[in-house]
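In order of appearance the chains are A, B, C, D and E, and numbering begins at 1 in each one.
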């Protein structure tokens, strides 16, 4: 492990609970500790990840802050690169990055290519214009038929929308899906009525309502399962070690209460998605969960 | 001094004596470098090809699997429709703009200039986002009394600016700016004398433009237009920003879910290469056709001037 | 070899007090001139004396600064009404030009049309005449200039002399009252000059009114009824060739002819 | 027949009798349509401008707020650096490719042809994604014995292909393909006689290329190169796909959080317009410079041919 | 007005059994020719007879199909060694061309260089000589052809006759042993022909060996030591001007000269 205990933790995110813990840091594989920093792909997806401002290179947001804190516990420098959401998994596969943040949902498809450390669960909602005729709750997928739904390219929600569309097809109806390349464009599309609803996670929905007061409201969608989300890691020889280290770091943050502080900062109405324990999801690490089912 | 210059050029040669017959056996020059470089290039190509074929990261089986995927084919169709429609409409609008630009009327020419400046000066991507979100600026489109007067006829912007409409609008307006410059060049390339000859025959402005100027300008216009079509085929992929699933975006939609990025990009590249190759062949054909009658060039004098008046008896000046 | 026209005294072209300048350069400084019906007038003068500009004013390719050109009683480019000249719209001015045929130095055939298409395009589209009638007429004219077998050739494949003869036929297709020639042979190789001059000579013999800018003094002497000598934007000499060419009075004419001989 | 034609053209005019002096008072033609169209255009422009300025959806205050935002300025810097670097390197590679393409050596010319076909045939976007994910295909870059032999020197692909490297690589390889065609056109536009004149003076291939052909070709090459630079300025925004924060992507990063899309896009458009306008001015200057010495054209005869041999005494054939 | 050379009997150019064809067209069909040091040889012949091709073979701008050109004892384009001709690499062939200067019909000055740059470019870069020395030499040559005041002008601003005189000076800067002229005046306006012929005449008087393809029979008669008449790829007549021009033997020569007179 690294012996350099003074190694800088992320400047912005670090709090009292993110000092280096040597025992946990020792779990990191040498390929990471070698140059004292980890390369993190971050997809701007407020409020999970917000792009850095004012000369800083460190993004903010609950997912990013958590990562920065975890890096602090592990005693490595958090070296962020902002990338588009749909570039995350490919970037990991190309081993361009050691890990990635961005409210990345864990699912079986993704587990074929990458591994995760659970850090949160996310509930999805429809965001609709305030004057929308969509009812306050859409119970089943078939209740959503006939709508046109905007989703973000590469997101889990895009996957759920696709399966809802299949359900509608089976019921002899249809559901229109529009896939946009960034969340800002989805928002504009909803605001202008180009799509009826934006299927997105709770955090994003909260932020959107906050930034555009009076324009939007949320609609509950119980037919969409609650998603585990987490830090993503490439599948390679070091996966077992690095996921173990990060799981330990997150667990440490949960224990010290730092985890609660960070999420409280970004979820105004109280965070409904907190987890008790960071688990490893992987198809290559023995002992890890291999499926979300 | 003269011998010095000669010595420099020819010092190592075997000089023939005045009455020696020069040898007749010729030893051709070998080009070892040329052969070596060719060999190197061929070797590199073969090694690269071998590596591409055998590297399993390329996942050729997945490439084959996706090549005729219905979503991909639908995307290809969208791309082709967009390209053809945008180029055609861009051509028409471009002709209008070009005639405005070279018109005597300062206002028209100024307006066309402003148009070209704006549409050539901003990225197509931004133009597309703008049109797509035009409803955020003007929720209703219609004709109304300006400066705050009431609306006469109108409709909701989003009802008018559907995704396809926006895509075509953006691509066309952009393409028209480039086509206008190409067409202007073509029109200016037709000699002024052609206009005069047509006028002298009593032809009206419109007739002489349509029957004399335009057909000749086309010869100059066609080759760069071919390039524009090929360019449009590729740049039309920018419409993915407004969620119109063209060829590339259809692939992105698939790989963003299943992460088979590389094979899907290969599929898309192959389709693009196929289309551009076909277009290139068509372009050559069309160019040939428009060269008809002018291959042996209508410049009456230029070439002949050099052959002319060779035979002239003259006394040398004293 | 005096031309055999029987000169009826009726001017078909009248140039009255014509002036024209380009930028600051006064090119025509008050030209007066009459051409009788059936007359062949050759215009001589050194480069820059305004010969081409004069011809271009006659068929209103240039708008005069002042003065007027009257062809067959109509003021070119204007409608004379109530003692005033009302400028014609471009479309009407274009139609008016039909009465005047012009042959240029550089042929200016339409390179993308065959010889036949060159000939029938304008009469069909401008005069709205039938294709069949025109093809017959065109063949007759091509036969006159000895190019019947070239009707489907593109101009680019013809020699300069052949192109110029096609250009003459093309102008004649519009059945003009006056034919203007602006140095019709000066872009030709010497061997090819003869055939074009021959075609012009035959045209003159049919009684066509012709104004010919040329440096072919031989042609002027043999074919012209009248020779006009221009210098510095005005007509300095005007008379039968025997007088202007062989016995010039104005010093400009003398100098000019001496450089040629 | 002749009178029939005349009647058609001039029927409605007042015919002057043979001895009438033509009137001298001229009534100029009015151009009501031209004036009306100009008025309409100006009115539309003013109304449009008024609407743009007063429509509060444009959020001009936010535009002003973001115009000099440090992130935007940093993005602008990246865009400019990318443009300059990619065009420069593309030019160099393009020269090499163009000389390959016109070379007598079939292999070199074939390889260059293949390069052009591939890089002009696939969208830049795909090329960028490819290079960015090259590590997924080849985790290590290096020189090794081909067909499966051991590696001699090498490095991890991702260490070599940093974001900036990929961006420059992608843009340069693509740009080079287009520049090669432009340069080839320029080289072919230099008359063959210039080559011969230089050869006759004993110049070597290299010298004659560098001192005779290239400077003259540049005159033809510069104008389309200017267009390429302006194009590159805009198309370089595609690097946002690999998360290089250029001008456009910087704006996207900002509006992805606060959703102030429209004002930020206006800011970006204004910067692009400013840069392209400046580049256009520079382009005009450079074109002028390279026209030096050749403005009054070195074609010895073409123009003069038409003035020549006017004065010739000839007898009319019998 | 016979030229004043004192003809030393030593051939500096020898053309031996030279053949050359383009595609299927045999342009040179076995040309044999010798030019003595200091001799001025004019080559006449109708268009297409192979005159230009012959000159271009002499300085190896064209590679002969068979036969050879020997200039000052060296086979152009080859190294004669062990009874064989070894082809030179392009670089060496280029250097070898220095011994032969060539002036083209269309001047071919470098349009992007001033007159002075045109003159000193090749001797500086090819022969590696110093700038100052060359500028002095160039000024002397420009003075000879009467163009000293034009040294900083671009070729595009010169008249054709001036351009051609600069082209002659440029070729002379390489200090060649033989000067080739391919119709040096045929692209010139008639007024300008004289000044170029005059420059050539003065060059001949310095004792320079010259091969001149020309249609200026007057020049040939006055300046040439020998006139060669080519027809259909071979030399059909070769002798002093008094013989070839004024008293031709071959039927081709007779026909050709009669078209000129």
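Brief remarks on what is shown
Everything below uses one rule, namely that contacts are C-beta pairs under 8 Å (C-beta built on N, C-alpha and C of every residue); 3 or more make two chains touch, one makes a residue touch a chain.
Predicted model, so just to flag it, every value in this text is computed and none were measured.
Dropping subunit B from the picture leaves the other chains, by touching, in one piece. Centroids of subunit B and subunit C (each the mean of its C-alpha atoms) stand 44 Å apart. One finds 11 Å separating the Cα centroids of subunit B and subunit D.
The set of subunit C residues touching two or more other chains comprises 95-98, 106, 127, 174, 187, 190.
In subunit A, 90, 93, 185, 188 are the positions where the chain touches two or more neighbouring chains simultaneously. Residue numbers of subunit D whose C-beta contacts span two or more other chains: 9, 133, 136, 202, 261, 301, 304-309. Checking each pair of chains for touch leaves A-B, A-D, B-C, B-D, B-E, C-D, D-E. Subunit B meets subunit E in the complex at residues 1-2, 4-6, 8-10, 12-18, 21-29, 305-317. Contacts from subunit E toward subunit D in the complex involve residues 59, 61, 90-91, 94-98, 100-102, 104, 106-114, 121-122, 125-127, 154-157, 160, 163, 170-171, 174, 187, 189-190. Listing the residues of subunit B that touch subunit D in their complex gives 9, 34, 37-38, 41-42, 45, 47, 50-51, 55, 57-58, 105-108, 111, 117-118, 120-126, 129-130, 133, 136-138, 146-147, 202, 230, 234-235, 237, 248, 261-262, 265, 268-269, 272-273, 276-277, 301-302, 304-306, 308-309. Residues 191, 193-194, 196-205, 207, 211-212, 215-216, 219, 292-298, 300-301, 304, 307-309 of subunit D touch subunit E in their complex. In the complex of the two chains, the subunit A residues touching subunit B come out as 86, 89-90, 93, 109-110, 112-113, 150, 153-154, 158-159, 162, 178-181, 185, 188-189, 191-194.
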